[in-house]
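Two complexes are shown next, each including chain A; its partner changes from chain B in the first to chain C in the second.
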Partner chain A sequence: MLTTTGVADNNLIQRCLPSPSRRALRPYPVIECFQKIPCNPCSTSCPFHAILPMDSIHDIPVLDFEKCTGCGACARVCPGLAIFIIDESRGDGTGSVTLPYEFCSLPQKGEIVSTMNRAGYVVGEGTVIRVSAGKTSGTPLVTLSVPIEQVHDVRFFCSKKDTDQLVSKDGAEINTDKFINSEGVDDEAMICRCEGITRREICELIAEGYTTVDEIKRISRAGMGPCQARTCGPLIADEIARMTGQPRDSILPSMHRPPVIAQPISFFTGGDEK
Partner chain B sequence: MNLPKTASVVIVGGGISGCAIAWNLAHRGVKDIVLVEKDTLSNGSTGRCGAGIRMQWGAEMNCHLAQYSVRFFENANETLEYERDIEFKQNGYLIVAANVREAAQFKKNVELQNRLGISSVYLSPQEAHKIVPIIDTSQFVAATFCPEDGHLNPFHTTEAFAQSAERLGVKIFKHTEVTGIDVSLGRIRAVETSRGRISTNTVVVAAGGWSKEIGAMAGVNIPIYVQRHQILVTEPMEPVFGPMVMGFDFNIYIQQVPHGSILMGRSDDTEPRDFRISSGWRFVEEMTKTCSRLLPALSQVNIIRQWSGHYCMTGDAQPIYGPVPEVEGMYLACGFSGHGFMLAPATGQLITDMILGEPLTIDVSNLDVGRFKRGELVFESSVV
Partner chain C sequence: MYETDVVVIGGGPAGLMASNAAAEAGASVLLIERFAHLGGQLIKQTHKFFGSEKQYASVRGIDIPLRIAKARELVGERVTIWTHATVLGLFEDGVITVDRDGKYCKVKPSRIIMATGASEKFLAFPNNDLPGIYGAGAVQTMMNVYGVRPGRRVLMVGAGNIGLIVSYQLLQAGVEVVAVVEGLPKIGGYAVHASKIRRAGVPILTSHTLLRADGIDGVKSAVIAQIDNCWQPIPGSSKSLSCDVICISVGLSPLAELLWQAECKMRYVPQLGGYVPLRNERLETSVPDIYVAGDVAGIEEASAAMVEGRLAGLEAAASLGLSTPTIDDERADLRQQLDELRAGPSGEKVRSGLAKAGIV
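Coming up: the complex of A and B.
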């Protein structure tokens, strides 16, 4: 499952896909972004406004596939390298996967490469049909031609000569049932990324009677890390509101303190240490 | 849980002192104890403090109080049956002397401490360097070190006392503010709170900086004032140094906690003497300057937060322990002047001694509230 292995499973991927008719029509992006993190470049990148504006920087992107042309502008700006452009409309038994690629050196057009799935296992071969390095900024995009049935598996590649060093294995389906609670929310989701505190741990503390953001912070360290609760603070307040039935607006955040951004000690001494 | 209508003892304040007193009373057989806290546990000075504990003091009584507390903390997880961890790490305190005057005082302190069975040693800068390899030996003239001094997690330590007290029957009410104290004919009758009235004969004021306000509700003037103190913390990193490094003339205490963050604090007599807990710019400038001077290797470590809290100060920077002469049934445990966290086990023990009318475990009779009127202040040289 995503939070224990880092690998998204088929259930999650299916939720990202457009209708079958749209899939057959033209290329489309698959945005494999599953956790609420403070990140929004995709939502302002689309020239066609197909990624809907976000209310909060923590929102997960929502895509209007009818507006989307599959141009790939969003894939170029996603810092998490989580957006892929899939083309199932070629009609020749092949599909293409366009993926962000941040390594040197870039592959050559026409090169045959070993394709890999999300877990890093080799699943077959593909042909590089396009390399788009981006003229000014953004992540280079590499388009691979692959058998059409593999367009939802292939997410990376390596050169053929490196393949021997890799273990080839079928990507086994991972059972997610035990990690999903009755409300369909992932209990093992990381709420505080700095300190590694999961939603389950937060909920256990709330159940014990720690019903303020500050108390949970003191007991668990959630929010004490380098990001200073910028991500986890609102998420913890959400959980408190949900479990206690208090209005969300009444849950106070923990106090924000300087510095706004972490700074080295030497920044404050300004080099004059006498 | 409804607020009880009566209690044998009402403790005001859910910091480390109040929780330790509650636990001690219950542990020694007192029933029907109620603790009221206007916010959440350890929300005041306790949760904002540096949470170090040292036995290296300059006055004999303080050495005894600290020794008692260290011995308690060494077994506190077991004694209090705490399912988490109070994180007591005994990596020592290295106290550095900025000048020969301080060094001479330190020499005397070590003699006193050794006589009382405290294993402190007097060190040259080179010897100190072996204990803290990143310290700049050119900046100080001598040091003292006691390996049994240490550091705790203040939140978990408070929780450990509170949870054990609750298992012994103490009723703890968070978000419950004291609004009045009913005194008649010189005796405590009841405590009025935001959630109702509790009739009682005995009130313990352990409300830290707010103790003066609580005292005033009973017509008692407690001679204390609050002062803001600030701390900053860095990102967590691999272990760099073990002990708390402290200097009185340097005006610094700095420690890497087990989690990896480095905490440092200082005093500033120009800090506001009111309930402000805002953060100030000058603190960071002065703090980082001292840190860079003494531990220059840390200059590239990132600061992620500064915060502030109160010292509850008295005229001699020593606590006020004991009954209030003019109001029967009122006991004070306040005015800790920055040392309330480390003294908490002794505080709990001694206030319980007094309430039960038993002989004092450590003689603190000179720390009564009357000493200020009598002009009998207690002297202690080793304070930041």
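Coming up: the complex of A and C.
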């Protein structure tokens, strides 16, 4: 599922494809943009007006494949790097996938790379047939030649030597259930990093009856370090809400007074005015 | 005492747009930025922005400050910029105190536009103080501002847009991302961002949480587990992943200290990241003459921050009697842009948050 894994399933992809006759005719984009987000550069940048104007910037792009030449202008502007140009018209058993690629260094034309699918798994090999670096802030486009049956799977690539590292990646995982639920361990979490105050200490104070952020600050110094409670303040308020049952929106932060950052006294005596 | 029509606090996307808009209307503007460079988080955003052309869609975030600076050339003499300057306090008489490059300064503006942005939320888990545990913003700063890799093998916690984008940037920097874990059952960020890292081989594990970090001098591994609907780890599902960096990307909170100091009315709205200022449709808070724009007013995308910045700049200037003949049209256009950015399913969270804060 796209929203749980980031991988679009086949149903979604099939809906983005043109008719079989159009697929065989010339290159075409696959716009893998399935979520309504505020974004419209593809529709305003197509030189052939093939991506239809949007009523709302949240609209999902709609493509007129007859007007589209497969030029790739949309792939270069798409902020989501979600547009791929597919060519199934080569007629030699291979197809090509043009994908946005924002990594250093760009591959060399002719280089053989490991191709990867939407889930990041290696699907095979491809040959780099074109590298188009684009203008200063445009997105570089890399075109890979791949077996024609893989044009809808290949969406990324890595160099051949990186593939070996990918295989050994999961070796480090070990089950460590013994660490979990060991009593009290959770309370050693640091709440106030500046003053070194743990959750255990904060909770003990709340249990003793200190139930405002200000009271806890005065008794423990939590929130009196360089960050001035920016980090710990909300965490202390969360603990107070949890332990006392007060609604979180009734718990005020500690009093804010000038100066917002710690300053030595000499700074104020050296001022420019009376 | 430095006197000016408008002070803009924060030189990120909202503050930059606010400065230009107020100056174009004829106001004198002082833009105060904490860091040495303008641009805020934009300078770390190497990806192309979404939205429409009006919000610089398809332009990389890092290139946007230059475009805004170019627009500023037309009104350059009316905008004064202090970088390396931190606002320390806001007082009842309307005076702002500033640490400008180590020197204590006072500023008296007629209007204030607060565009201070946000800070990162953190997580409480065992060993969360080990070296190697960073916020996603810190990792972006290391890589994209200072050119330093944070480590070799990163576990990302949080699959919102920031977690997904920073994972991608880590891959671009040649750093391995061992996995992205997300407590919710669905990926929170845009699917296109998720697909980009997934096809490069990064697993995205929804309904998973980080249980603890392990290591002595620094992170050596992290224990993750699958969780049930009640956020409880499912027995037998835990595994230890070898990594030397854990990157926390679990959301942002509005950086609203100065608004609290000014005693602006605030309301806790989780959908907007925490306490946010109440404000009217002109982006003016409950304290007259203080305006807000961008993440300090509630966490959204940078495109919305830019539009809000422009609106706040126009409104602050208009309240001083300074306005252009086209202000009504522009005001309507900006509000429509905000409505459009917040429309659709991806804007639902922000819409419900704004409704809870009484802002429509």
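In this text, the second predicted complex is superposed on the first by the 163 of 274 C-alpha atoms of A that agree within 3 Å, B and C clash if a C-alpha of one lies under 4 Å from a C-alpha of the other, contacts with A are read in each partner's own complex, and residues count from 1 in each chain.
As a working rule, contacts are C-beta pairs under 8 Å (C-beta built on N, C-alpha and C of every residue); 3 or more make two chains touch, one makes a residue touch a chain.
These numbers come from a predicted model, not from an experiment.
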**OP:** Examine A:L12 and indicate which partner it touches, taking first as chain B and second as chain C; both and neither are also allowed.
**Re:** neither
Original post:
Which partner does A:V131 contact after superposing on A: first (chain B), second (chain C), both, neither?
Top reply: neither
Original post:
Of the partners chain B and chain C, which touch A:Q228 in the superposed model: first, second, both, neither?
Top reply: both
**OP:** Would you check which partner chain A:I265 touches, where first means chain B only, second means chain C only, and both and neither mean what they say?
**Re:** first
Subject >> Partner chain in contact with A:T139 - chain B first, chain C second, else both or neither >> reply: second
**OP:** Examine A:F34 and indicate which partner it touches, taking first as chain B and second as chain C; both and neither are also allowed.
**Re:** second
Subject >> Touching partner for A:E215 - first (chain B), second (chain C), both, neither >> reply: first
**OP:** State whether chain B or chain C is in contact with more residues of chain A in the superposed arrangement.
**Re:** C
**OP:** Identify the partner contact of A:R257: answer first if only chain B is touched, second if only chain C is, both if each is, neither if none is.
**Re:** both
**OP:** State which residues of chain A lie in both footprints, the one left by chain B and the one left by chain C.
**Re:** 228, 255, 257-259, 263, 268, 273
**OP:** Mind listing the chain B positions that touch chain A in their complex?
**Re:** 40-43, 47, 84, 155-156, 159, 234-236, 259, 261, 279, 284-285, 288-289, 291-293, 296, 298-307
Original post:
Where on chain A is chain C touching in the complex?
Top reply: 2-8, 32-41, 44-45, 56-58, 77-82, 102-104, 116-121, 137, 139, 155-156, 158, 166, 169, 172-177, 179-181, 185-186, 188-191, 193, 196, 199, 228, 230-232, 234-235, 248-251, 253, 255-261, 263, 267-268, 270-273
Original post:
Can you list the residues on chain A that touch chain B in the complex?
Top reply: 212, 214-215, 218-219, 221, 224-226, 228, 255, 257-259, 262-266, 268-269, 273
Subject >> Contacting residues of chain C [partner chain A, same complex] >> reply: 1, 47-53, 57-60, 63, 86-91, 97, 99, 102-106, 119-122, 124-129, 171-172, 178, 185-187, 190-204, 206, 211-212, 214, 221, 223, 225, 233, 235-236, 238-242, 253, 255, 257-258, 260-261, 267-270, 274-275, 301, 303, 340-341, 343-347
